[in-house]
Each structure stands twice: as C-alpha cells, then as structure tokens.
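In structure tokens below, several structures.
Shared between the two complexes below is subunit A, which has subunit B as its partner in the first and subunit C in the second.
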Partner chain A sequence: MKDNKLINQILRGLLIYGSAVVLALGVTSIFVACLGYDVSDALSTLLTTSFKSSFGFSETIKKTIPLLFATYAFTIPFMIKFFNIGGWGQMLMGGCVTAAVGLSLASLGLPPVVMVPLLLVVGMLAGGCFALLAGFAKAKYDVNPIISTIMLNFVAYQFVNFIATSSLYKDPLEGHPITRYLPSSATLGFMGGVPVSIFLSLIVIVLVYLMMKKTKLGFEITAVGYNLKASKTYGIDFSKTIMLAFFIGGALAGLGGCLEVLNIHGRLIEGFAKTSGAQYGIFGILTSLVVAGNPLAAPIAAFFMSVLLVGADSLQRTMQIPVEVVFLSQAIIVMFVVIIRKRFGKGGI
Partner chain B sequence: MSNELLRCENICKTFGSVKALDDVNFVVQKGEIHGLLGENGAGKSTLMNILYGLYNPDKGKVFLSGKAITISSPLDSIKNKIGMVHQVSTLVPEFTALENIMLGSEGGSFSLPEAKVKKKILELSEEFGLAFPIDEKVKNLSAGVKQKIEIIRSLYGGANLLILDEPTTSLVESEFHQLLKSLKIFVEKGVTVIFITHKIKEVMEACNAVTVMRKGKIQSTVKGEDLGVESLVKLMFMEQDIEVNESALPKVTVPESKVSSEPVLELKGVCVPGTAEHHSLEDISFKIYGGEILGVAAVSGNGEKSIAECVVNPSIVDKGEMLVDGESICDDSILDVFDKGVFYTPEDRIHEGILNEGSVKENVLLGHHRRDKFLKNNLFVKWDEVSLAAKKVIKEFNVATPDENLSIRRLSGGNIQKTIMGRAFVSPLKLLVTHNPTSGLDISTVEFIFNKLVELRSQGSGVLFVNEDLDELMIVCDRIAVLHDGKLKGIFKRSEFDKYKIGLLMIGES
Partner chain C sequence: MEFITTFLHTVIVYTTVYTLASVGILISGRAGIFNVAGEGIMLAAASAGFLVSFFSGNALLGFLAGALMGGIFGLILAFIHEKFKVNQFILGICLVIFGSGLSDLLYKLIIGVRLSAPMAPDTPAICIPFLSKIPIISGILNQDVIVYFMYAVTALSWWFFYKTKMGLETRAIGENPKAADVVGINVSRRRYLATIIGSALIGVSGAYLTIAITKTYSPDIAAGRGFMAVGIAIFASWKPHRAILGGFIFALIELIAFQLQMISYSIPYQFFLMLPFLSVIILMIIYKKNIEFPASVGNPYSRE
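Here is the complex of A and B:
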C-alpha cells in the first residue's frame, strides 16, 4: 500500500518533469530550426556533451556545485514562503570575505587542516550574516525580503570590487580586478578532474535533508511555511524562525561562493559566481522553482540544469548557436513545470 | 404543476472515489423558503454549487420553470436568475459596497454609471429591508452586513431564486432574526429562497418546506404540518442514536464531579490593551477549579477571544496576575504555558488551528514539538513517537482518515476539529482552553466534543469554554461568566442559569 503510493508519486513526478522537458526542448528546437541550424545535431550536443568525455563530466560537476548551493539559498527561505533573490549576493560575500581572510592569514603559514575548515566557516558566516540582514529587516520591520535581497545584491557586487581592487589584495600584474592567489594551504584540489568540494557538497546534501525532515528546527520552518498564524498560535517564534531560515540559506550560498574561490579560481575574480555570463543566483532560483522548494530533489535538478549549461557552452563553440537559446529552454522548462504542476499536481507555486 | 420553480432530476457527482451526490431528485416550489438540511458532508453544498455552475454534474438534468437548462458556469446561472450567497464572503475587502455590487454586473468595459447604480441599490435595500452603508469599504464591515451586501448583489443581478449557503454561521442571534424578517419580504416580492443549514432549530424557524439530505442522497422533503424537530432528526441521523432537547441540541449528561480545593487557573485583575487583533480586557478576575467547566458567554467581538488567548499567550497581558496551579505564568511564553499542562484550541480552526498543507501527523505534533517525549537529543523529532500519538488521536477521537499521513485539508471540518481537539489530549492536561469548538459542526460531532469536555472534567481537569452559543454553554458548563465590552458582567452557577438574564447581560443591559 505504502510502496504503491511511493511508486505513484515517483511516476507522477517523472510524468510532470518529463513532459515539461520534452515540451521545452520541442519549443527550443523550433527556435533552433528557425535560426537555420540542424535540430538533431543541436539536441544531441545539448544533452550528451556532459557524458561524452571526462572533461564534459567534470565541467558539469563544476557547475552543479555552485548551482546546488544557489538553489538551497532560495529553497530554504522559500519553505516559509519568502523569496530570497539575494543568493547571488550571498555567494559573492562568501567568496570575497573568504579571499580577504585567506590572504590576510597567508603570512601565518597555518596548515591546511586549520586553514581550509576556518575559511569554510568564514565563507558560511559571511553569506549567512549577509542574508540575515534581510531576515532581520523582515522580522523586525516587516521589510519585504524580495526588495531587501535584491538591493543587497548590489552591495555585494560593489564589495567584491572593493576587495579585488584594494591595494592589500589586488594582483598588481592583472588589469582586471583580481586578487593575488591564496596560499596553497588554503585551496582545494581536483580528483580526476572533479573538484574535491564534491565530497563536501554530498555531506551538505545529507545534512540539509536531515535538518529539514528530521529536526525540530526543520519542523518549525515547515510549520511556519504551512500556516504562519497557526504556528504562532501554537508557540513557534516567527521572528526567530524567519531569521534562521535566511541565515541558513545565506550560509549555504556563502559556502558556494567560498568553494568557487578555494576550489575553482584559487583567488577572487570580479565576475565570479557566473556561468556562461549569467549569475548562478538566477539559475538557483530557476532550479528551486522547478523542484517547488523540495530540498531532496534539488541536487538532481541542479545536475540536470548543469547538463544543459554545459551543453549550451558546447553548442556555442561547435555550432555557433548562442548560449541564450539554452537559457530560453531552461526558462520554458520552469514555466511548463509550474503550469503542469498547477494543473495536474497538488499545487506548489 | 404550474407552481414548480426548480426541479433537479437524477443528479450524480463523484469526487475521486467519493460519491458526493447519488441520484438526487430535488424540487422547489415558487415562493418557498426551502430548507436544505443535512450533516456536514451530506452533499448540500455540492448540490447547490451545481445549480450555481461551480461544478458540472456527472449525470442528471436541471429544470427551471419546466424548461431544461444547462448551467456550466456562474454566468449561466446569473442569466437564469439564480443567485447564491456563499458561506464565506466573496466580496473584495478593499472595495466599497457599491463597487462590489457593480463588479461584474454593470456597464461596458469603460463606463461606470455610478449614480444610477447607487440609486437602484438604495431602492432595493429599502424594498427588502436590508440597509447597509453603501460607501464604506467592505473590510470595515461586520459579517452580518457583508451578507446583506451579497444578498443585494444577487437581487441586483435580477435573481428570483436565491441560494443561501449556511447563512447563519457568522451571524449573532439578533442578525439572524433580521435575516428571517428579510426572507419573509423576499417571498412576498416573489423571490424563492433555498436555505442551506445543518441546524434544525433554524429551519424550524425559517422554512416552510425542508428537504433532508444524508450521505449524498435525498432522504425526504417535509412540508407544513409534518415539519417537526423529531421527524427531522430521524431523517438526518437514521440509525444514529442521538437524543435532542427542545432547542435541537444534543442531550449530554453531565455527572456530578469532584471539584478540587485549589484552582487550576486564577486570573487577578487582568488587563489586555486593545489592538487590531485583540479587543481590550479590563480588570478580569476569576478562578477555575479542577473538575469544572467554566463557560464564557459573549456576543462575538466583546473580548472573548482575548480571554481565551491571554491565558495561553501571557505576552498580550499588560497588567494583572495569572496563576496556573498557584504558579505565575505572566512571564511565560506560549510553550512555557503548554508545559504547565495547559492547551488551547483556537476559534478559527482553518486559519489558526491547523497546518493546512501538512499531514495529520504533523498537525498532531504542533504545539508539542518541543516536548522531550518527541525529541531525541533535543534536536531530532522522533517521528515514530509522533505517528503513535497521531494514531491514538485518530482512534480516540474517531477521526475519519485512512492513516496519519493524509494531508489534513482532505478531511471534513468536523474531522479537522476532532484532530485539533485530540491534539490537546496528547500530553496530560490540567486546563483546556477551547474557543467555539463546535461552530459549523453537525449535531453528532457537537455531542462527541461535549462528551470529551465532560470526560476531561470527570478526570479532574479544568476547562475554559469560550463559546458564542449560549444554549451550548448551558448544557455542559458548571458556571458561566458573561463578558461584555471587555468587562466581566457576572458569573452564574448552574442552578442560576437563566437564558434571558444572561442574554441581557451579554448585550450590555441589566
């Protein structure tokens, strides 16, 4: 009986997502055909680049990790029905504070076992506290978090410029705002082309799942999202819950930014936390909307979105099809998923 | 039969696996006030929503004045001069009464002949004895006035068949009598009324024909001299064994109980400042002993919500002393108060009582989520324990659900209330604070909930029973405190219960 229910749920999910993807790829194909390219070539490039070579696969994982954290940044505050548009800003803060602290501590010559965990915590705190500003403004002054988080994105962007151009950290040989490299004791390496932060990400996936589904805090966040008034009536502290939700979301985004610095670039680059020229924050929102804020499905959706992003880069290189065509199909996927879920599922957004 | 206005033939409607309407035949004569009576979930609202075009029937036909009609949307029903007033207000709160009535009924896309409409509305409201402030924003008006506006909106649209879905749910006694008067005028002016309710008392007062529904089927239609409380109860509940008193309420036996020597709850000079959410309270003092049910009688909006809430949420109190078992709770949070053995079932069961997207299990946990019993290492929720507790609630409170994982919004109102009530019993109770636990429920559920309150009292716990229905209070309470405009007007012992006297105090006369 229970197994049947689970199988039904999975089948229904596959049907919703499958049909949305098929429909979106159909629409994309029409555009590709109109632009005068070969449709079957384009589709196979889009969907298989990630799996055809180890380079393609490691590129996909490199994108999946920051995208996953950006997705969590939106998903967790969204569980209490608030929009955190500031995932990107929180990633930037996580990344640039990590870089600043890492460079400042370089002369101490701390071993990696101290340096790396320290910087991970610093990155998380930076992102978390930055998001907490929006949570605090909502809890105490009823400021709409959509507005505050969008505004804070600008602050974070300028803060990256400030750090990357400051004489303390700037790499004098670069024309672009870029800091010097962090000491090797602070950076993370690769295993077979895949960034080692993948292991950390897997741990975070498990922790987020446990937190949301099994802990008291997860229940309180869920309850506030289900019904604010009832949770207040039965003693849940709304202000504390919303601030915690924003802090956790922001901390995960900050961790994403921190890992970009420690594992991908090895330093702070103005314009990091972007893929194919667009912010991870935006893709994180898209991905979160696709999974309707379900923290369990987020890693799968983040991986699939990354497959499309890698495919998009490849399309541009090999067939000169602009990456924007793939952004288009991602947006269409989201819209179809939302529509189909509204029409046939149990709601969501 | 020339006098026949509406005839429904063989209407069937299923929702998933539930047969909401099973081969329903229903006839209304012109000029009737026709009661449609049944328990919650009997199919009354489904049938009316089909007439109003909100649902399409799976099978069956509808005839209006002998002509077959198809109603596939509310627009069709308006065209056929059928108007419906829903249980929950459908007015736009930010609009005035006038704007609400104009909405969807007047003018082309770009013209709004306001003056003309206003004149016609005023004429109508005078004609039917339904006066209301036409230029006031609806959000500032009471439920009773909103209902008048909705009725006028239907009549403005030319309705000559008016469906009222549970029109009395949010009305106080005096508003109900006003509504009765208006209904009489409607009939004189040639408007036929279908009056949906689950209260026998109301159909006896209002209707001249009554159709009883049960489990999606029409039981029978009774008219004129055949109308009687007993026959209606029999039709509504068939095999169920419910005894009913004169006012169509369940008879519940309240045995002698031993009252504790020390009070479980004591309020001394409690004041609550008035806010948008809370009516003020002034200098409230009373005691509740173990083994006692203290009722609070008040006309809605006189501070009865504040009394219920201040006991579980002392942060709204700004002066005075509150003691549970002799211990002050004035500085306690809601959860601290719960830890002292107090629990609460709020007035608005959908908006304040449940996590509507959550499962039955999650809802049972709410309010107990910080108790050691349900936590491991003070961090992880022991969902196994929660499941067991939920199963116990389902069993002991007869909640009709296949299991504890079902989404609570798929339950009926009565089963939701039983779950909320059951949640209060999950931990040992010294004092239960309950506000309107029976509103909108059918008589068998009311009886069930009363029996639970009496059971609690027999176990030596206290109950603070805040209720808008004085008849109900008089059945189960040991004492009744009367509240008017935030002040306590008197406390009556069971031997002194006098409906007339209490009623006068409730409206501020003495």
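Here is the complex of A and C:
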C-alpha cells in the first residue's frame, strides 16, 4: 500500500514536471518560429549557454541565488495560502539598507568577521520588517496582501532611489543613482567565478527545509495552510502565524537583496535585483508556482529557471530574439503547469 | 481660477484611467471573479491601442483595439477559471506577467527603435457650447470623448447593478452562486460576460494612457495604476458610484504628490512619489469598517 502511494507520487511528479519541460520547449519554439527565427538554433542556445562556458555557468549561478531567495519569499507565505507579490520590494529594501549601513560603518574599520554577519542580519531584518508591514495589515486590518505587497514594491523602489541619490552615499562620479563602493571588509568574493554566497545559500536551503519539516513553527504554517478552521480549534494563533510567515519570507528576500549588494555589485545600484530588465520577484513567483510552493523542489526549479534566463540573454545577444519571448513563454508554461496540476495532481491550487 | 480649472482638468483625465479600470474590475467582481490582472491588461492594451491608433491615424480605432485586447484577456481568465477551476489570483498574476511581456514585445517587433518616438493621433474632444465657458465646470466638461465614456460607463453600471433584474441577478452570483444557480441563472455564462466586459473596460483605460495622456508608448507605462485600480475597487466596496469617487481621490493624490515633489526642497522628492501607493494601504486600513466584499468573490463555483 505504501509502495503504491510512493510510486503514484513519483509518477505524478514525473507527469507534471515532464510535461512542464516539454511545454516549455514547445511554447518557446512556437513563438520563435512565429517570429521567423531558426527554432533548433534558438533552442540549443536557450538550453546550452549555461553549460558551454565557465562564464555561462557562473552567470547561471549568479542568477540562481537571488532567484532562489525570491522563490522562498513567495513560497513561505503561500504555504498559508497568502500571496506575497512583494518579494522584489523586500529584496530592494534588504539591499539598500545593507548598503546604507555598510557605508555608514565604513569609517569604523570593523574586520570582515564582524562586518559581514552584521550586514547579513541587517539585510534580513530590513526585508523581514518590510514584509511584516503587509502581514500586520492582513492580520489586524484584513488588507489583502496582494494589494499591500504590490504597493510596498513601489515604495521600496522610491526608497532605493532615495538612498542611491542621497548626498551621504552617492558616488559623485556616477551620473546614474549609484552609491560608493562598500569597504572591502564588507564585500564577499568569488571562487572560480562562482560567488561565495552560494555556500550561504546552501546553508539556507537546509535551514528552510529543517524549519518547515522539523520545527513547531513549520508545523503550524503547514497546518494553517492545510485547514484554517482545524488549526484554530487546535489552538494555533492565526495572526501570529501569518505575520511570522510574512516576516520569514521577507527576511529571505532581504537576504537575497543583501547578497546582491555584498557579492555581485559591491555597492547599491538603482535597478539592481533585475535580470535583463525584469524583476527577480516575478520569476520567483513563477518558479514557486511551478513547484506548487514545495520548499524542497525550489532550488532545482530556480536553477532551471536561471538556465532559461541566461539562455534568454544569449538569444537576444546572438540572434536578436527579444527576451520578452522567453518571459511570455514562462508565463504560459506556469499557467499550463497549474492547470495540469489541478486536473491530475492531488490537492492542486 | 485659471490654475484650478487646468488642474481639475488634469485630475479628471487621470480619474478616467483609475475609474474605468476599477469599474472594469468591480463588474467581474460582482459576478464572483476577482480580476487582479488589471496591470497586465492595461499594459497590453496600452501597447496594442497605441499601435493601432498610430498606424490607422484614428484614435477611436485605438481605443477599440485596447478594448478588444482587454476582452481577450478577460476571455482567457474566465475560460481557464471556469473550465479548470484554477485559483483566480494565480491566474491573475500569470496574466500580469504575460501582459507586461506582451506589451513590450509588440512594440519592439512592430516599431523597434526609432530616433523620434512615434506620436498617437489626437483624441476627439466634445465641447458643450455654454457650460464649457464657465470656469471650474469647464475642467469637468471640456474633455475628450473617453472622459464622457467614463461618466456614462459609471452611471450605466450603477443603473445596471441596482435598477435592473439582470444586475440584481449578477450581484446574486457574486454573493451566493449556488442560490443563483438554483433559481435558474446561468452562473458560468454570466461570469464569462462580466469578465470579458470588465476586462475590455480595463483595456480602454490602458489605451487611454498611451493614446490620450502620453501620446507615446514607453515600457511599464501603467506604473502600478492597474494594481491601484484593484485597491480602488475594494475601497469602493465594489460599487460603481464609489469607484468614481475613489478614482478621483487617487488621481488627486497622484497629481498633488507630483506637484509637491517638484517644489519641495526639505523633504526628498522620493517620499512624495511613494505617497499614492502608501495611501492605498492607509485608506484601506482607515475605511476598514466601511468595506464590504461580495461574499463569494474569488471562489470557484462548480455544480457538484
């Protein structure tokens, strides 16, 4: 009996993810063919750019990390059936507060052992508290989190602009809103082209898994998401759980933004946390929907998604195919996956 | 006096954008479909409407194209929801991403990069002979056809929902689809209709942005107004007459914030630009007591 269940689960997974991959390639091919480009060339560019050169691979990892954190930002509140569309805004807050604090502390000359962990915590707190605003508005005033988190995205965007143009932090030599470089004691380096933050991300993957599966909080989040009424009877504080879920999601997004500043740019650039002009937050939502908010599958999906994003960049460079073609196909694929899961999966959304 | 009239004129223009979009959202909401895809629909319609008006030289054809684009989005939303009972919010978010990708793609493919940005033709205006000479009132009445269209749509939808049998039935679907089904109303067909008509209105609002207000297309032209329209629909308790009031308030906030950020030196201008977005959340908290929802908005309905 138990074996049957497992086999069923594996088959269902194969059906859903297998059809997702086939659809991904199919939809993109149709778009590419309709626009009059060579389909096989485009597909091989899309899929192999990440693996053909060490540059391609390093770019893929660089995109996977923020994408993974954006995915978690959506996934964790989604486990209690709430939509955090504000992952991008929380990333921006994490990044810009990190930059501001890092630059303000530069003159103290703290060693990296103190500086880096301090800034990581600052980034997480900034993102978490920003998301908590939406969680609080939902818990206390029943404000729809979709609306509040989107509105907060625009607020965060203006706040980044404020930090990056303020006379305290702005790099006077740059025309664009960009701050000065953070002190070298605050920034992280690269190892063989791969950002060091990959190790931190691996730790976070394990911690998120442990939190969801082994702690009381993880149990409460799952319980509220599974059956709100039953969880209330059981004595779970709904307001507390929703606020915590938003805080954790936001803190992870904030960490993602913080790592963008510390590891990728070394300073705050207006328009960071984007890939070819589109926000990481959006791709995080798509990635999370593909895996139906399963925190275990999120890293794999995030990696696959960034393979497509790096491929999309390369398509635009080498074949002049607009990146929007890939974005459009991704949105269509996610819709198909959601439909397939609803039809054939158990407990579809 | 002159300044107030001009300012009011601009406020009414932006009120049109917000009101058309939020009336579009509340029409489908009354039938139980929570359409959060407003931003994506506006963007796609802004691009399609602009392109059609530019190539045909006729602004009205552009608005028609915008409405058509919106209607197609509405059809997709209603079809996937009614057929597969997929969560409306997930669909809406996918459609936002789809719409924003589509808008840029259409413009890139058809126009590409040009030295001077192509301009949309003028939108025909209606001058009411006597009233448009009076200051202040002329700010409200001396406007283009889409503004009058917005007045008409708001009045008509209010009349439809509160004075006709069909409107009452549609509201019943949003409150209790099962009861509506029992008395013989075709729930699914009404939901299709409401979503398509509502989304077409959102499309007109998107096309209005490019054709009448900026006259050119630029990426991300809706700048969050599609999402704010959802906020206005909620804030208005899904009532058309309150939606026009909400549209006016948010247009006023947006324009005042824009004026203030240009003249203020002590407060950084970014904080004024945050104001419209923050006020959505703040107003929803303040008016929490007055906000009502159609009881079953956002929920799928199937007979078994």
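We adopt the following convention: the second predicted complex is superposed on the first by the 339 of 349 C-alpha atoms of A that agree within 3 Å, B and C clash if a C-alpha of one lies under 4 Å from a C-alpha of the other, contacts with A are read in each partner's own complex, and residues count from 1 in each chain.
As a convention for this text, a residue touches a chain if its C-beta (ideal position, glycine included) is under 8 Å from a C-beta of that chain, and two chains touch if they have at least 3 such contacts.
Just so it is clear, the structure is predicted and the values come from calculations on it, not from any experiment.
For the composite obtained by overlaying on subunit A, subunit B and subunit C cannot both be accommodated without a clash.
Touch criterion met: A:322 reaches subunit C, while subunit B stays clear of it.
Shared-chain residue A:220: touches subunit B; no touch with subunit C. In the superposition on chain A, contact of A:231 is made with subunit B only, not with subunit C. In the superposition on chain A, A:83 makes contact with subunit C only, not with subunit B.
In the superposed model, A:206 makes contact with neither subunit B nor subunit C. Among subunit B and subunit C, the chain that touches a larger number of residues in subunit A is C. After superposition on chain A, the stretch of subunit B that runs into subunit C among 98-106, 206-214, 278-286 or 476-484 is 98-106. Interface of subunit C with subunit A (complex): residues 36, 80, 84-87, 89-91, 93-95, 97-98, 101-102, 104-105, 108-109, 219, 224, 227-228, 230-231, 234, 268, 270-271, 273-274, 277-278, 280-281, 284-285, 288.
The touching residues of subunit A, when paired with subunit C in their complex, are 35, 83, 85, 137, 141-144, 146-148, 150-152, 154-155, 158-159, 161-162, 165-166, 277, 282, 285-286, 289, 322, 324-325, 327-328, 330-332, 334-335, 338-339, 342-343, 349. Those residues of subunit A whose C-beta lies close enough to touch subunit B in the complex are 210, 214-216, 218-220, 222-223, 225-227, 229-231, 233-237. Contact residues on subunit B toward subunit A in their complex (touch as defined above): 333-335, 338, 344, 346, 351-358, 362, 365-367, 369-370, 375, 378-381, 383.
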